[in-house]
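To keep things simple, chains are lettered A, B, C and D as they appear, and every chain counts its residues starting from 1.
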Amino acid sequence: MRTSSRFDAVRGQTLDLAAPLSEEDCCVQSMTDASPVKWHMAHTTWFFETFILERFEPAFRPFHPAFRMLFNSYYNGVGDKYPRPQRGMLTRPALGEVLAYRRNVDERMAVLLDRRGGDPELDMLLEVGMHHEQQHQELMLTDVKHLLSLNPLWPAYSNAAFEPAPPAAPAGWRAFDGGVVEIGHAGGAFCFDNETPRHRQFLEPYALASRLVTNAEYLSFVEDGGYAKASLWLSEGWDWVRASELMQPLYWRRHEDGWREFTLHGLQQLDPHRPLEHISFFEADAYARWAGARLPTEAEWEHAASAPDSGLTQLFDTCWQWTLSSYAPYPGYRVAEGAIGEYNGKFMSNQYVLRGSSSATPAGHARVTYRNFFPAYARWQFAGIRLAKSAGG
Amino acid sequence: MRTSSRFDAVRGQTLDLAAPLSEEDCCVQSMTDASPVKWHMAHTTWFFETFILERFEPAFRPFHPAFRMLFNSYYNGVGDKYPRPQRGMLTRPALGEVLAYRRNVDERMAVLLDRRGGDPELDMLLEVGMHHEQQHQELMLTDVKHLLSLNPLWPAYSNAAFEPAPPAAPAGWRAFDGGVVEIGHAGGAFCFDNETPRHRQFLEPYALASRLVTNAEYLSFVEDGGYAKASLWLSEGWDWVRASELMQPLYWRRHEDGWREFTLHGLQQLDPHRPLEHISFFEADAYARWAGARLPTEAEWEHAASAPDSGLTQLFDTCWQWTLSSYAPYPGYRVAEGAIGEYNGKFMSNQYVLRGSSSATPAGHARVTYRNFFPAYARWQFAGIRLAKSAGG
Amino acid sequence: MRTSSRFDAVRGQTLDLAAPLSEEDCCVQSMTDASPVKWHMAHTTWFFETFILERFEPAFRPFHPAFRMLFNSYYNGVGDKYPRPQRGMLTRPALGEVLAYRRNVDERMAVLLDRRGGDPELDMLLEVGMHHEQQHQELMLTDVKHLLSLNPLWPAYSNAAFEPAPPAAPAGWRAFDGGVVEIGHAGGAFCFDNETPRHRQFLEPYALASRLVTNAEYLSFVEDGGYAKASLWLSEGWDWVRASELMQPLYWRRHEDGWREFTLHGLQQLDPHRPLEHISFFEADAYARWAGARLPTEAEWEHAASAPDSGLTQLFDTCWQWTLSSYAPYPGYRVAEGAIGEYNGKFMSNQYVLRGSSSATPAGHARVTYRNFFPAYARWQFAGIRLAKSAGG
Amino acid sequence: MRTSSRFDAVRGQTLDLAAPLSEEDCCVQSMTDASPVKWHMAHTTWFFETFILERFEPAFRPFHPAFRMLFNSYYNGVGDKYPRPQRGMLTRPALGEVLAYRRNVDERMAVLLDRRGGDPELDMLLEVGMHHEQQHQELMLTDVKHLLSLNPLWPAYSNAAFEPAPPAAPAGWRAFDGGVVEIGHAGGAFCFDNETPRHRQFLEPYALASRLVTNAEYLSFVEDGGYAKASLWLSEGWDWVRASELMQPLYWRRHEDGWREFTLHGLQQLDPHRPLEHISFFEADAYARWAGARLPTEAEWEHAASAPDSGLTQLFDTCWQWTLSSYAPYPGYRVAEGAIGEYNGKFMSNQYVLRGSSSATPAGHARVTYRNFFPAYARWQFAGIRLAKSAGG
C-alpha cells in the first residue's frame, strides 16, 4: 500500500518534470553524454517492465517487442542495445506513445503490486526501480539544461522568478580527528550496492570548509588568470583546458556589462552569493590548489557529514561535491547476480566520486553514504566545490 | 499575378511535404550533411525575408531579430551563422512558431508583390527564392528519409502503397557524334548562375545507355564481390569503402530471406526493376568499370539530353545521374555581386556534377542545363547511374 | 647501351641527392603524405625488381623475400603493402642494407640489359622505371624539406650559398585565341598514360600571365588580410584555412624584423623577387580572385606553353603551377593491363592538375604535356601560381 | 666520491643499453606515448644541466641554447617545450652530437662534484637525477621494443639466446591479517616524493597470490573467449577492447602452428612458464574477474611485500604488477617547490599504480614503497598480474 503510493508518486514526478517541455524539447539529444527526456521517460519504464514485469507477471507480453532493445541503456545481460549516441534519432515512438507505454506499465505494475506486494525480491527490485527513476529525474533536468544552453534564444525551462540568493555566510574550517572510522551503508534501509559493505578506514586529522565555494569566490580565481596558470592544474586537466580553450564554468557567459549564467530560468545575471555549479573535477582541483587547500576524500566527507553538530552546511540539496576519490569498490564489495549487477560495479574506473546532492536531486533520494560518480571532465552535472585540508596543512 | 500564384503554390508545397511528419520528426538532424525539416522551412522563409523584404519592404522590421543568424545557411555576406552541425539542437523556435514565421513572411510578400511586382530586380530575386525553396523541398525528403532510416522501427513517411515497378526495358546504347557542341543555359527563362554562360565544348564521339542501371543489375555487382575488388575502384574510393566497411547501397538491408530496401514507404522487398538509388560517385564509378563502361561527362549528358529523339529514357524525375565531371566554373562564369553571389560559385571544388532529376524533385524545377553537385562520398541523395562509353571504347 | 648509361645516371642521381643526409634524416617520416628518403630509395629499387627482374630474369630470386611487401607503395595487384603511415617505423633494413639492395638490383639490371636490351616490353618498363625514379627524386627533396622544417634548429639540406634572385620582370598578359585545339601526348617518345590520348578541346579566348607570382606580390595579399576574407575563398578552402589557422605559405615565418622562409638552405630572409612556392590550390585560387584573375585550366596552359613565341617565362624548372582542372581521364583514356595500370588512373578523383616543373624536378623529366596532381590542400610541394583570365574578363 | 662513481655507473649504463642500436633505431618515435632512445639520452642529460649545472656551476653556459626547449619533457616551470608527439622528428642533433652533449655534461658534473660534493641540495638533486635516468633506462627498452614490434622483419634488440623458463611453481594464496598498517617511505634513504609521507591505512584481511600469472594461465583466458565476454570487463575497458579489436596481449601473435611472442630477442615461441607481460589494467582486471579473484590495492601489496617471510615470489625484477589503486596523493603529501615539483604530483589523475619492478628495471632502482603509474589502457610497459582476494571472498 505505502509502496504502491510511493511508486505512483515517483512515476508522477517524472511527468511533472517534463510538463514544461514540448515534444521537440523531449526528443533531442544534445551530446553523447546526455540523453533525450523522452528516452529517460521510456527507459525508466523499460526498467520496471524488464526487471519486474517480465519476471513476475503471469503471461508476460511486452508492450512493444522492439522496446526491449530500444530502451536498454547498458545492460549487456539483457541483450542488444540501441547505440547511445543515436538516442536522439528516435523521433518514433512519439512522445505520446511513450506516455502510453508509461501508463500501460503503471497499470500492470498496480495489478502486480496488488497481488504480489510483500514478495521480498519484488520489493527489492521495486525499490531499485524507484531510485533508478529518481536518478533519471535529475538527469532529465541536467540534460535538458544542456540542450537549452546550446540555443542562442536562451530558452527558460521554468518561468518562475529567479530569486537572488541571500549573502553567503562567512566560510570557516570544521576540524575532525579521524582515526579508524566506519563508512558505507549499514543495511536496513535501501541503498545501492556500491555503498556497501560498511567498513573501516583510517583517516588522519583533517578539516572541511563549512560551506561550498560561491560564484564570487570562483570569479576571483577566473579573474586571477586561474585558467592560464599551468602550475595550478593536474597535467591531464591542463592539456584538456587548453585544447578545449576553457576560460570559465560551463554556463557562464561574459557580456559587455558583466557576467551572466545560463540557468533553468534562462540567462541571468551571475549571482555572487550562489554556490558555484557546473565545473569539472579538474577545475575543482585547480581552484582548491589556488585557494591553498585541496578536495576532500569521500571517506573524509562521509565521516564529517555523519557527525551530529558537524557545523557543515550545504551538504545536501545544493550541489554535488567533487571528492579526491577515484570511484572504486569498497573492500569486500560484491556485484549482484544477473543483469542488475551491471548497475554500478562495471563503471568503477577513471571516474571520481561526488557526495551530497543537488537542487535537482529528488527529495528523499540522497543520503550520507550515497556515491555519485562522473568522469573528471564532466561539467554538465550540478557539481560544485567543498574545500578540505589536512591538519597542520 | 501569375508570379504571386506561383509563389503561393511553391510555399504551399513545402507545407504539404511536411504534413505527414510530427514535430519531433521535423526537429531532429540525422547528420551534419543533413538538416531538420523545420530548419528547411525556416531557412527558405529567411531567404525571402533577408534578400527581398529587407531590401524592398518600407520600414522593414524582422519577424524575430535572432532569426537572421539562426537560419542563415552559409552566407558570410549576411553575417554570423548558427553552426551547421547544431541545427538539430534548435527545439525553439517550436514548429508552430516557424509556421507562424512562414505565414508572416508570406503575408508581407503578398503585400510587396502587389505593390512592386514587375520590378526586375525583385522578380529576379523572387525567382531565385522560389527555385531555392524547391531545392530545399527535395532536401526535406532526402534528409527525413535518412533520419527515419536510423530508426529500427523503420517508420514510413508515406502510407500510400509501394507499387512494384514494371519490368525494366532492355538497356541499349545510343550513339552521339560529338564535335563542337554548345552547352549551358542560353538565357531568357530562369536558371542558376552556374549554368552560364552557354559556351562551346569539343566532344569526341560517344554513347549513352538508354536507361538507368536497375537494382537487379547492381545486385549482380554486389553478389560478384564488387565491393571487395580493389581493381574496380578509384584509390580514394577504395580506402573509403574499406574504412566504412560498405557492402551495399545506403538503404539496402540483407535479410535471411532476401534483400530489402528502406524507402519513404518503410522497409520493402528490394524491387529488381526499379532504378538503383542512393549510391556515391565512387560506387557509380566502380560499377561502371565492372560493367566495362564509364560514367558520362556532364557535357556528354547535356548534349545527348538536348537532342530530339535521343532515345534516352529516365532523364528526369527518376534519379540524379552522377557524371565524371568535377564541379567547376564554365568558361567566362561570373559570380553575382553581394551575398547572393555565394549561392553556387564558392562550392566549386571537390564535388561532382549530377544531371537530370529525381522522383523527389518538385515538378518544374529541373531542366536540361541544370547542374546538381555533391561530394564523391555522398549517398543519401536520390542518385543513380547512367552508363556511357567512348566510340570504339 | 645508351639506355644502360641513362639507367646508371638516373640511379646515381638518387644517391647524389641523398648524399648530404644522415642515416637519421633518411629514416624519419614527417607526415602520412610524405615518405622517408630511405623508403624512396628502396621503393624505386623495388619497382625495377618487381616489374622487370621478376618477369625477365631467369631463375629470379628476390633480394629479400619481405621487401616485396615492405616497399610496395600502392599496387594492390602486387599483393600486400606495409601501411603508408608507418613507413618511418622501418629502422630496419638499415640505410646500408638499402644501399646494398640498390647495388644488387643495379648489377642484375646491368646483366639483364646486356642480354635483353631492345626487347620492346622491357624497354617500355625500363623507361617507366626511370621516370618513376625521377618522380621520387623530386619527392625526396620535397619530403626532406618538410621534415627539416619541423626542427627548430632549422637545419640546411645544402650548405651552398642562397643567392638572392634578380628583380622580377614586370608581369604582363599574353593572349591566346583558343578554338579547337589539341592537347595530350602524340606518342613517339615516352610519356605517362595519363597524358594520352592526344585529343581535341575547345577553348574560348584567354590570356596567361607572362611569369609566376612573386613572394612580394603574395605578401601584399597576406598583408591585405587575404587569409581573413571569406569572400576570396572557395567554401571548402575557407573552412580548412580557419580550422588550420593558416595565415601564410607553409614555410614562411614572421619574425620581429621581417619575414623569413625555410628553404633547403635553412632559414633565410624572404626574397621578394623569387616566385612564391608551397601554397595549396585553395590559396592559389584565393590569391587569383584577390588579384582579379583566375587560375588557368590545364588545356589553356598546355596550349599556350606549346606555342612558339608564347612570351611565357618560368614554364619549367621554377615551380609547379596549379590549374583549375580536376584530375580526370582524357577522352578515350585506357588503363594499362596488370599492376602497372595502377600507376595513374586510380588517382583520378578529388585532386587538381599542376603543370610545368619545379627547381626540384630532375633535368629531362618534365614536358609540356606532363600532368602532375595533388589534393587541393597540399602545400608541401614546390607549387606556385600563374594567373589567367578570360578574354573580356 | 662514492656518489661520483655511482653517477658514472648510471650514466654509463645508459650508453650500454643503447649499444645494440643503430642511429636509426635511436631516432624514431613509434607512438606519442613513447620517445626515441636518442631523446631519452638527451633528456636525462638535460635534467642534470638544467636542474644542477644551471644552478651550481659558476659562469654557467648551456651546451647548446636550443636544447633547453628541445629536451624539456613536461616542466612548464622551465619554459617552452618541443611538442611530445614530434620528438621523433629531431633527426638533428644527430646521435653523435647527443653523445658529445652527454660527455660535456658529464665532464662538467665531474668538476662540480669534485668542488661541491657534499652540498645537501646538490646531493639531493643528484640523487633525483640518477633515479630519473634509471627510469628512462627502463623506458628506453620499453619504447624500443614497441618500435621494433612494428617492423615485420621482427628485429631482435639482443642476440643473446632466449632461454626457456623453468616450469612455474604452483600458485598458492598467502594470507595477511590487515588492521591499521603503515605504508609509504619512512625517510632516510632516497625516495620520490609520491612515496611520502609514511602514513596509516586500515586493511581488512586479505590474501595475495604467491606468484604472478603465467602465459599459460592467461592463454586459458584467451582461449575461453575472455576478450568476448562483456560480463568480465569494466564498462570502459569493454568499449575500448571492442573498438580496438583486441584479442590478446600486445606482443602475442597467433601463427598457424601456435602462439608466438615478440620479445627483445625477436619473435619467439610463446613460453607457457614465463610470467605474462604487456597487458593493460583493463585486461588485468578482466582476467582477475575470470579467475574468481581481484587485483590487490597498493596498500595490500606494500604491506604484504614488507613482511618478512611473506611467502611471495616475483615481487621484483619480473614485471610490474597492476593494482586496483588509482594514483592519488598520500594523506599529507606535499609537492616540492619549483619546477622539480612537477615530477610526480601533477600526474595524479586517471592513472593506476603498479608495484614491484620488471626485468627491464635497473638494479637498485626499485623498492617496496615505489609507485609506478600508467593509464588503464597502457600495454607497452612490462606489466603483469598478481591476483588478490578478500578474506572470506
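Note that a contact is a pair of C-beta atoms (placed from the backbone, for glycine too) under 8 Å apart; a residue touches a chain by one contact, two chains touch by 3 or more.
Since the model is a prediction, treat every value here as computed from it, not as a measurement.
Shared residue numbers account for over half of those found at the interface formed by chain A and chain B, and the copies are therefore classed as meeting with the same residues.
Among the other chains, the CA centroid farthest from that of chain A is the one of C.
Between chain A and chain C the centroid-to-centroid distance comes to 57 Å (mean Cα coordinates, whole Å). Rounded to a whole number, the gap between the C-alpha centres of chain C and chain D is 45 angstrom. Taken pair by pair, the chains that touch are A-B, A-D, B-C, C-D.
Looking at the complex, you find that chain A touches chain D at residues 74, 76-77, 180, 199-204, 206, 230-231, 233-238, 281-282, 285, 294, 324-326, 328-329, 331-332, 346-350, 376, 390, 393. Within the complex formed with chain C, the chain D residues making contact are 22-28, 30, 66, 69-70, 82, 86, 88-95, 147-148, 150-153, 155.
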